[in-house]
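Order of writing sets the chain letters: A, B, C, D, E and F. Residues in each chain are counted from 1.
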Amino acid sequence: MKKIYDYHKDEQVSLYVLIKSAEEKLTRTNKPYLSFIFQDTSGEISANYWDAKPKDVETFKPGTVIKLEGKREEYKGNPQIRIKAIRLAKNDEPNNPELYVERAPINKDKMVEEFNHAVFDITNANMNRIVRFIMKKYQHDFFQSPAAKTNHHAFMGGLAYHTVSMLRIARALSEIYTELDISLLFSGVILHDVGKVVELSGPTATEYTLEGKLLGHIVMINEEIVKACNELKIDENNEDVLLLKHTLLAHHGELEYGSPVRPLIPEAEMIHYIDQIDAKMNMISSALKKTEPGEFSERIWAMNNRSFYKKTFAHPDSLSE
Amino acid sequence: MKKIYDYHKDEQVSLYVLIKSAEEKLTRTNKPYLSFIFQDTSGEISANYWDAKPKDVETFKPGTVIKLEGKREEYKGNPQIRIKAIRLAKNDEPNNPELYVERAPINKDKMVEEFNHAVFDITNANMNRIVRFIMKKYQHDFFQSPAAKTNHHAFMGGLAYHTVSMLRIARALSEIYTELDISLLFSGVILHDVGKVVELSGPTATEYTLEGKLLGHIVMINEEIVKACNELKIDENNEDVLLLKHTLLAHHGELEYGSPVRPLIPEAEMIHYIDQIDAKMNMISSALKKTEPGEFSERIWAMNNRSFYKKTFAHPDSLSE
Amino acid sequence: MKKIYDYHKDEQVSLYVLIKSAEEKLTRTNKPYLSFIFQDTSGEISANYWDAKPKDVETFKPGTVIKLEGKREEYKGNPQIRIKAIRLAKNDEPNNPELYVERAPINKDKMVEEFNHAVFDITNANMNRIVRFIMKKYQHDFFQSPAAKTNHHAFMGGLAYHTVSMLRIARALSEIYTELDISLLFSGVILHDVGKVVELSGPTATEYTLEGKLLGHIVMINEEIVKACNELKIDENNEDVLLLKHTLLAHHGELEYGSPVRPLIPEAEMIHYIDQIDAKMNMISSALKKTEPGEFSERIWAMNNRSFYKKTFAHPDSLSE
Amino acid sequence: MKKIYDYHKDEQVSLYVLIKSAEEKLTRTNKPYLSFIFQDTSGEISANYWDAKPKDVETFKPGTVIKLEGKREEYKGNPQIRIKAIRLAKNDEPNNPELYVERAPINKDKMVEEFNHAVFDITNANMNRIVRFIMKKYQHDFFQSPAAKTNHHAFMGGLAYHTVSMLRIARALSEIYTELDISLLFSGVILHDVGKVVELSGPTATEYTLEGKLLGHIVMINEEIVKACNELKIDENNEDVLLLKHTLLAHHGELEYGSPVRPLIPEAEMIHYIDQIDAKMNMISSALKKTEPGEFSERIWAMNNRSFYKKTFAHPDSLSE
Amino acid sequence: MKKIYDYHKDEQVSLYVLIKSAEEKLTRTNKPYLSFIFQDTSGEISANYWDAKPKDVETFKPGTVIKLEGKREEYKGNPQIRIKAIRLAKNDEPNNPELYVERAPINKDKMVEEFNHAVFDITNANMNRIVRFIMKKYQHDFFQSPAAKTNHHAFMGGLAYHTVSMLRIARALSEIYTELDISLLFSGVILHDVGKVVELSGPTATEYTLEGKLLGHIVMINEEIVKACNELKIDENNEDVLLLKHTLLAHHGELEYGSPVRPLIPEAEMIHYIDQIDAKMNMISSALKKTEPGEFSERIWAMNNRSFYKKTFAHPDSLSE
Amino acid sequence: MKKIYDYHKDEQVSLYVLIKSAEEKLTRTNKPYLSFIFQDTSGEISANYWDAKPKDVETFKPGTVIKLEGKREEYKGNPQIRIKAIRLAKNDEPNNPELYVERAPINKDKMVEEFNHAVFDITNANMNRIVRFIMKKYQHDFFQSPAAKTNHHAFMGGLAYHTVSMLRIARALSEIYTELDISLLFSGVILHDVGKVVELSGPTATEYTLEGKLLGHIVMINEEIVKACNELKIDENNEDVLLLKHTLLAHHGELEYGSPVRPLIPEAEMIHYIDQIDAKMNMISSALKKTEPGEFSERIWAMNNRSFYKKTFAHPDSLSE
């Protein structure tokens, strides 16, 4: 079935969408209308429903699926829908809200498997125990949480998916640079953003929590290690624990990006780059998905406001191997 | 008795000094000599002892007090002593090394008293208990430690003295800005640099410890609060504990100075400024102590390499009150 | 009586306010309306008065006090009032516009007294004469002027109040750092922003004057000293005059903040920090006044766009002394 | 056989080394001496040969192998050798200079094979032809050239080795991010630093050429593409050629690092990161090779002057796969 | 005849203008209107035409000249026209669109003459041939193209006019600094922005081309030189060709402004300054043209957002010579 | 006669030079020697005179001319002279010290004439009177003073020569940009650096004065205008005086370069650029004078440490006109 961003500008639209938000507003001349954000797995789009009746406000609540007829337009450079008609989706129609939410492109079981594989390769006993202790504690939320509020992997399961992608790169790099300590590299990747489980408020309507704003996820994961060592009777002064802490504290790479120390061991430096690569590929790909070939994407604020070009020629399917 | 920096350039020198360091070296043409750093409470100065005999190397060890005859000169803009004669200080002479080491200008008992006064004013129960727990744990080292390796208050007891001066400013500001929370302000000031007790190796030949380099004193004090709450059964999620942590994490003011978060409550912003004021006054005063009136001081690296002017006219003794 | 910011979002509003500005506008469809900014001592708020008749335009002029009935709402994140009814305040109601304007929290007489106390402590004869000469010249405007156009102390008497607060900090610091020259410190504080009397257009609808934009208040106060010395037959080449000039020129601390020289004497460095402390405390306090406990304030542009947190627990009333 | 950096400080040294440079100098008192830099595959070290006779100057020329007896010392924090005796290596001793020069850890044939494999995967016809044309033209020098004058891979064959490592990372990333165009990614990696063949003067005593300083290797490779298209009758206006040019021009990532444009397609962004990862891992590994476990390395100028920590615990041999 | 910016705010307007753009839009309540931008040689201004009929949309196309009656107003600080009546210009009225487009203040013949004069002074044979080859190739577009999309000389012929002004400054400087190489200086000036002919899409509705965005005009002119040398059989390795390339590559002065190398010969440094002077004078003059004496201009984004003051006193007509 | 920098490295030297400075020093092993700086109009060079006798110290005083035999060498990249023999210049030899000092390449009379011509073109009465008043006051020192301590025009008469060159550029620009106010432009150029007469200590052994360090030449010239207006009874509030002040205050272009305000009128912006052009051309030319064709100059600290290339081909003699 066609999705929101499969339609081009000025095309007639007819599809099922989820109401992400519905705000009751007044025009300057005091007439009520509903300001919607609709959503499906291709993205989000806004729409105004003029002359909304009180009953409409009752009916079209956030979290319900509707059938939408209208036209895709543009208002001040942003796409929007001009509504012709809307009605609730019926029982024999695809009315499960979960179908319309973006989520990680691989399922949780596959991700769990990859994590287990990585944990198996952490042969350093202290790191292995700490990683398993913390992951068990935050298991549920970790697989729900987005990786960020808006910039990258901002969808349900985004944090786990981001971490899995980073593990794949880490595995490849550890084969190229055999001097890297695998325990440290994999432990660092797995734990680097676990603090975001508490820093962010969860997968929907994601906001920073008070603790998130006042401490930040980098300090929070450090606190988790202190507590894990305390529970597991691991001496925090061991060099391996100290280096693991350092790797997590340093993973933003520079003080001005919020790391209280800069990377001083090779594994910390590498994790910083792996994190950058995955975050930026995700941002570019998301932007290009909504872009026509031969055009430039919307500007990506977190990448110096650059807009990226989508090429018109196809790329080959696979490698020679 | 006249001290090192009471002598002017090209003046004949005759005084007792402590040998801070004594390194055996060779000239380019392979002749042995001793490279000294001498010290008294007015500062440090270097000197070379040419044609040092093996016996001299035995005799003039770091930590011993000597009688020095020579001339104060300058070499490439830095003061140094040209040695005429040196001998060990005798028993009836001031040969106690402690007499030659810079220390805080007020004694420990007076400082302890000021701390107790401040702790008394911390009426918030959680903060009061946390402050007392941590201060008790590090009490001994806290009153020994310098406040920094080189920049400011780099002497035995410097950390405690720096903290006491900051408490005095904090007390004054809390009377001017009555909206400030005194418990938070005083707790923040007392604890802000306690992590330096572990970050630095101690009052003599101060270096950064491995933990100091890889974590930094800001993260370390945060860990101490986590541990204190655990010991004292205080819930870390209480807002007062959270704000205390934030105040400590934010006290460097900007991310690029090593704080993982910027100040987001007024007490955190104020502590940052109080810290700056005391550190900078100490650096300027130290530099001006070694400067003649009407001259500019040596350059202060940590203050954008500025050199400060020492005025020639006297300043009045006291305020009208 | 309740004030504008005592009302919460979506609450019914009934109170007296001053019309700060009233602009006649047209909707996109050509209907006239009045765009108001109302004001009382708790702050300012905007409101639109739809279908304004010509008589309304006549009646509701800036500078008049009205009785306002309506509702406090939010439009794009900013508070505004939806007007139900407005009428002019009557004679037996609080219709004196001066009651609604923010002003310094201590009165002019008290401020004058503090200034006189400080001037008394300037024992250096040249500085004392220069300070008194300039303060006499600008006395009237000085106690009227705001300290800035928008950032901090942007209210009638704000400049004098800012200066008085700085004098209090200066007095406290001069007791802690007895090496500071009191004459220089107090003279510098008193004169540092006097140039703003000419740089800014006055206490209402404050703008930069042409002279203010093209020269700036730092250069202007330097000119005042040149003129004062000329009038008072003081030799400008005296070191005390030179240092006073330097202190004023350097008080912004860094070239990029508009000081043509950086501080090169301790008093100049300290005045820079005192100025920072008072400006920032004022900005934070103003923002937090409009914020509910447990919420973050509006962003403060002049403080790197940070928004500050208002804590929920009370703070103790006073110090132990 | 033991190498230079297998000896510790103050150890007696007895080994064969290559004379990298030998400069005749005079002491301040006019006595001639030879200032050597010795070299083997573990690195370089300096040494002074006092009282050098004219015959010595004749004998100990750069490029000859000698037997060296002496002591490893430190002078101002840098390692140096105090020479006891030197003589030319004899015919039955390892006197081939090539044995002492650092080179890529894999041999040229293996590297050529990896390049061929990658070129095979460039299925875009224009890119494939351009890559082969340019590589054929610079084949010889490409496998000789260092990748930089001093910072990273500064040894014979360093440029090819750096490029091969990057191809390995590129291959791994293209499997993780299947949206990347393999032809563009691999062509970009292979060509990105070919301009250095002309920018740098060659594998020994590497300097920037005049053309290198005035144009830079980024502009030079762009010129090569223009010329290749001209020879091969490929229309430069084809989008694939344009994107290939862009990828090469943008590979330094930011204008301030010398790219005239910033990356605007995902392949260009990725190549920038791959380049960074390989350059930095090489710099860190080189520095740590000369560092004792538990110590910090020399400062790395091109990495913000950081010095890296060498951990004391071993790392596991291999991954689970 | 009076032009748009000869009218003051709130004045009745009656004049001929060109429709630069006409966009059909809907009000929030679904009523169609036309959003115009009108233009004459004094500048551009926007206007909305409410209740536009389908026939109006047909009639008032971009590129047609109309007679406009209305009022000059301001909307959010920007000037706009409130339309009273519009009609097409008649045949006996000034209805030639070219009359309303800003263009270079001197005509093409005069500019060609100045170019020829400059080329005559390029006595270096290689440079002379290269300059003539490239100028011939782009002759037509060069005299049409603007010098930039928005910032400076953004009008038909702007590129040629900017270059002519720079030649005049270059000529003056070459008389003051006789050590400058005239061939290099004049060739550099003439060619420095020729790449903009391809980088920008042309004189109307100017946009960056794809090639312009992905390569930039600095790289493009370098490519032109490579091609010219190939055609003209000039050896690119000649020092004069190399220096000419360098001059063009370096003319933005700093890496962060897009030059891949910084100026390393005096002629390159001078051309950078000449370019700056002419671009900035043009921006300031354009802004001041729309400003009343005694007022500040609109902010100029490309000059750190400064707004410039227009003085009220006249300036003398001419120099004494 | 051949000058210092006419000799190449390792060439035998025989010429007359002026002793600029002669410092008595001791070798590390306590032997006296004389450390000279010699000078002629081609530049300065250092030389050590070993085993200096007390009589030598008496004879070879700074300010005397000597006959020097020796060899031009290099020590750590800097040129120096190895002395073979020195003796005082005799009466029939060129022993006038003035012959060896660098000075402006045009004589004072010619410069005075150019100034008079420029002043004649300042038709604005206030500016004309102010310029003449200040120039008369500082006339003598103005034609003696260097334009800077080290960076550019650091020779006797350098300030006047720098100003004359700027006047020539200003005259040329005023013909190209006829909208510039000639009175303002010429007055600004003439006065812009007059404050340096007091900021710097004079033409020999130039240092910053105390006033220069604490106020800076930008503030000083502003004070001079205040005093001139007072003497001449010119109302400082006149717009022309205000703009003249602004032009001088803003001539460093940016706050971080020490201007308390940025240029807000076109004349101020232009003077900033004219100043830059002349200062940089002088720095580059000075560096290239000491450089062989085909080589790069010493690094120029004030130009981002760049070193400039000296081309090998000749430049044509003159323009076609």
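Just so it is clear, contacts are C-beta pairs under 8 Å (C-beta built on N, C-alpha and C of every residue); 3 or more make two chains touch, one makes a residue touch a chain.
Bear in mind that the values here come from a model prediction, so they are computed numbers and not experimental data.
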item: If a chain touches chain A and chain E alike, it appears here; value: C, D
item: Chain E and chain C - chains in contact with each; value: A, F
item: Counterpart interface for A-E, drawn from D-E, C-F or C-E and sharing over half of its contact pairs; value: C-E
item: Chain A and chain F, separation of their C-alpha mean positions in angstrom; value: 61
item: Whole-Å gap separating chain B and chain C, where each centre is the average of the chain's CA atoms; value: 38
item: Touching two or more other chains - residue numbers and ranges from chain F; value: 28-29, 210, 213-214, 239, 243, 264, 296, 309
item: Chain C - residues contacting chain A, complex; value: 27, 29, 31, 48, 50, 296, 309
item: Of all residues in chain E, those that touch chain D in their complex; value: 210-211, 213-216, 218-219, 222-223, 226-227, 230, 237, 239, 242-243, 245-246, 249, 255-261, 264
item: Residue ranges of chain C in contact with chain B within the complex; value: 117, 120-121, 123-124, 165, 168-169, 171-177, 179-184, 239-240, 243, 262-266, 269-270, 273, 276-277, 280-281, 284-285, 288, 296, 304, 306-309, 311-313, 315-316, 319-320
item: Residues of chain C defined as touching chain E within the complex; value: 28-30, 210, 213-214
